[in-house]
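For clarity, chains are labelled A, B and C in written order, and residue numbers in each chain start from 1.
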């Protein structure tokens, strides 16, 4: 098992944002987590990445107990993490951002090669020297994806990688992810149904802090329980 | 038995002093997120306003409860208007600018009033507890702390200003969309904090005297109390005062005041190691 | 960054600057040399504060307390064991103290603002503590702490192989040289891989952490190195004036260090040095002409720096020069 949580809880002042989640991810699997706002996906994500501590329960990632680990310890297991808001070194250039990411896992010259290769992959080689704060929103998201992937992670955790992107950018992001897929395991929290349909094999639907359904995309879209949970939020129609 | 009563009074007095010294700072910090490094000088100016006004023949209590708070409130609001207002949301810059104000005020008072210590003798005589005598003014400080706490609670809880201030504290932009004049709320909050500091400075003047650098003897304790208390001004500062005042007076009783201060600092740092956002960063969420 | 270090213009500027600094004893009066020595020491403190605050992003408002600790550690150790041990103690004691405070603060993930205020409070309380040590009880070996009177007759620095302690000129050269080494060291540090990570942690510590860097550890290292640097400056200061007193822990001294860095340009490499030299010179001059209370002047400078030149003088001057250049180019074409 790449990721396994058992009876995972997180409460905020009496409100359970994550309420007893048992989640499993097989090697090589790409899983999307969906659910309406406040369903607990993002809290669950922060528990996996060590940004929050569980109130109860256990997490194991890549065969290690990570329930009380710090984010950097989880990252060092070989986990690439992208948070919801673009989280970059704003004052540093695209190349420097990638370089810093590659440096943890590559030695010497290999660092530079990996960073340059990733510049090509995210198609930002022509902006390599620009400070990332000068890039567009979509480009910044790709820089961050590049930073996540350049360290050759075994597991990739992405929180809304397509948020705030135009339709064209969403498709490009999906293609980029497919290309970087290799045999890695992915967990992707995403709102954009268009994106999810493009990329996901299996999806996990969160509702009120629990897992409502876990199935293929087609099965989930036709599931009435899921439709009710979304309460007519145009689920399955657009990318809203 | 008497010694126990005396120690008890000393501890309560230490707690009350800490609360009074920190209250004005905590209002400004809790409501606006601004650490006012000129807080010590607010206390000092309160002390001077009080002493000078008593020396000019104005009644002791009027000097303390009216003159000192009004003078410092005015200075605080001018400072808010001229400096702090331009830096909202930039916490570090605000700290630095208020530090500049602190130096400036020390400089101005030492030029105009000189370095010698001014004072007024404390009224209210003393109370006998067995073989010991305790100044009546000690009880006044304790009572004053309780009164200030009650007053602040009432203002923030029940007045319309309090409601606006709490709303602004929770979310300034939402408050603004609901028609709250955020600038006015900040200005008034700063004025309120400054007035309380002025009162506290006046209250301690009969005990410690006033010099232009008097503020420096108070601010260490005030900062530590507010930071250990966390974001909620009243609960935070009163719980932190309880805890730290107890430690401070207990260590002072068995050693020296300076070691008591070091113990207070050490206790606060250990507390922050466990609760990085202070006591109310973890507990009592949503209170005052 | 690396190319900048080896560029001919940089090397030339550096050699010329260095030559002026070291030729100074040849044409300066002893009194001026004495002042220049203390300017070099203040520049060391400014560089160390900038290293911690500007490069490392740690709001170390009470950084000057390490200067005081270094001075006291030097004085006490030099009186008891000689100046060589004194220098070592002046580096080790502040460093150790910073490791303890930094461990508690950074590993407890105290927020930036809280850390700043706590560091300032530590300074305040050390000030009160040292002031209260006039009793003979506070004697370490043969060194009396002396309370508010400070420690007089601090021994000068003497190389272990030398027969004589350093004279005025040698002391000046040592201080200027160390300041230069500090400056170069920080410059090299910033372009070195570890320095890039430090900057990454400053820019966005969550991102750095998610890449697997431990921000707590990186902050602690920067803080400890900075404390050691300030401590060495404090030792030189104690040796220079043969005296160390509790004023090195005072809030106004802590404020001065902050103003130097802020006024010169936080996070720039040369700005803090410029700030330290210009502001120290300015306050010395004010003291001589007695025009304005130094606290008023420093306070106003502080406020003006924050409100009007938020990035500091050096970047502001650079922008001004750049603008003038553009205007001139336009006029030329």
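As a convention for this text, a contact is a pair of C-beta atoms (placed from the backbone, for glycine too) under 8 Å apart; a residue touches a chain by one contact, two chains touch by 3 or more.
Bear in mind that the values here come from a model prediction, so they are computed numbers and not experimental data.
K.L.:
Which touching groups survive when chain C is ignored?
P.N.:
Once chain C drops out of the picture, we get A | B.
K.L.:
Of all the other chains, whose mean CA position lies farthest from chain A?
P.N.:
Following the centroid criterion, the farthest chain would be B.
K.L.:
For chain A versus chain B, what separation do you get between their C-alpha means, in angstrom?
P.N.:
Once rounded, the distance between the two centres reads 47 Å.
K.L.:
Centre to centre, by mean C-alpha position, how many angstrom separate chain B and chain C?
P.N.:
Comparing mean C-alpha positions, chain C is 32 Å from chain B.
K.L.:
How many angstrom between the C-alpha centroids of chain C and chain A?
P.N.:
Roughly 43 Å separates the two chain centres.
K.L.:
Please output the residue numbers of chain A that touch at least 2 other chains, ranges allowed.
P.N.:
There are none in chain A.
K.L.:
Which bits of chain C are touching chain B when the two form their complex?
P.N.:
59, 61, 101, 104-105, 107-114, 116-118, 120-122, 124-125, 128-129, 132, 250-252, 255, 258, 262, 293-303, 305-307, 310
K.L.:
In their shared complex, at which residues does chain B touch chain C?
P.N.:
Answer in residue numbers: 35, 37, 83, 86-87, 91-93, 95-97, 99-108, 110-111, 216-217, 219-220, 223-224, 227, 256, 258, 261-262, 265, 268-270, 272-274, 276-278.
K.L.:
For a test of understanding, state which residues of chain A touch chain C in their complex under the given definition.
P.N.:
These residues of chain A touch chain C: 49, 51, 70-72, 75-76, 81-83, 87-92, 96, 99-101, 103-105, 147, 151.
K.L.:
Provide the residue numbers of chain C that touch chain A in the complex, in ascending order.
P.N.:
Spelled out, the residues of chain C in touch with chain A are 193, 196-197, 199-200, 203-204, 206-215.
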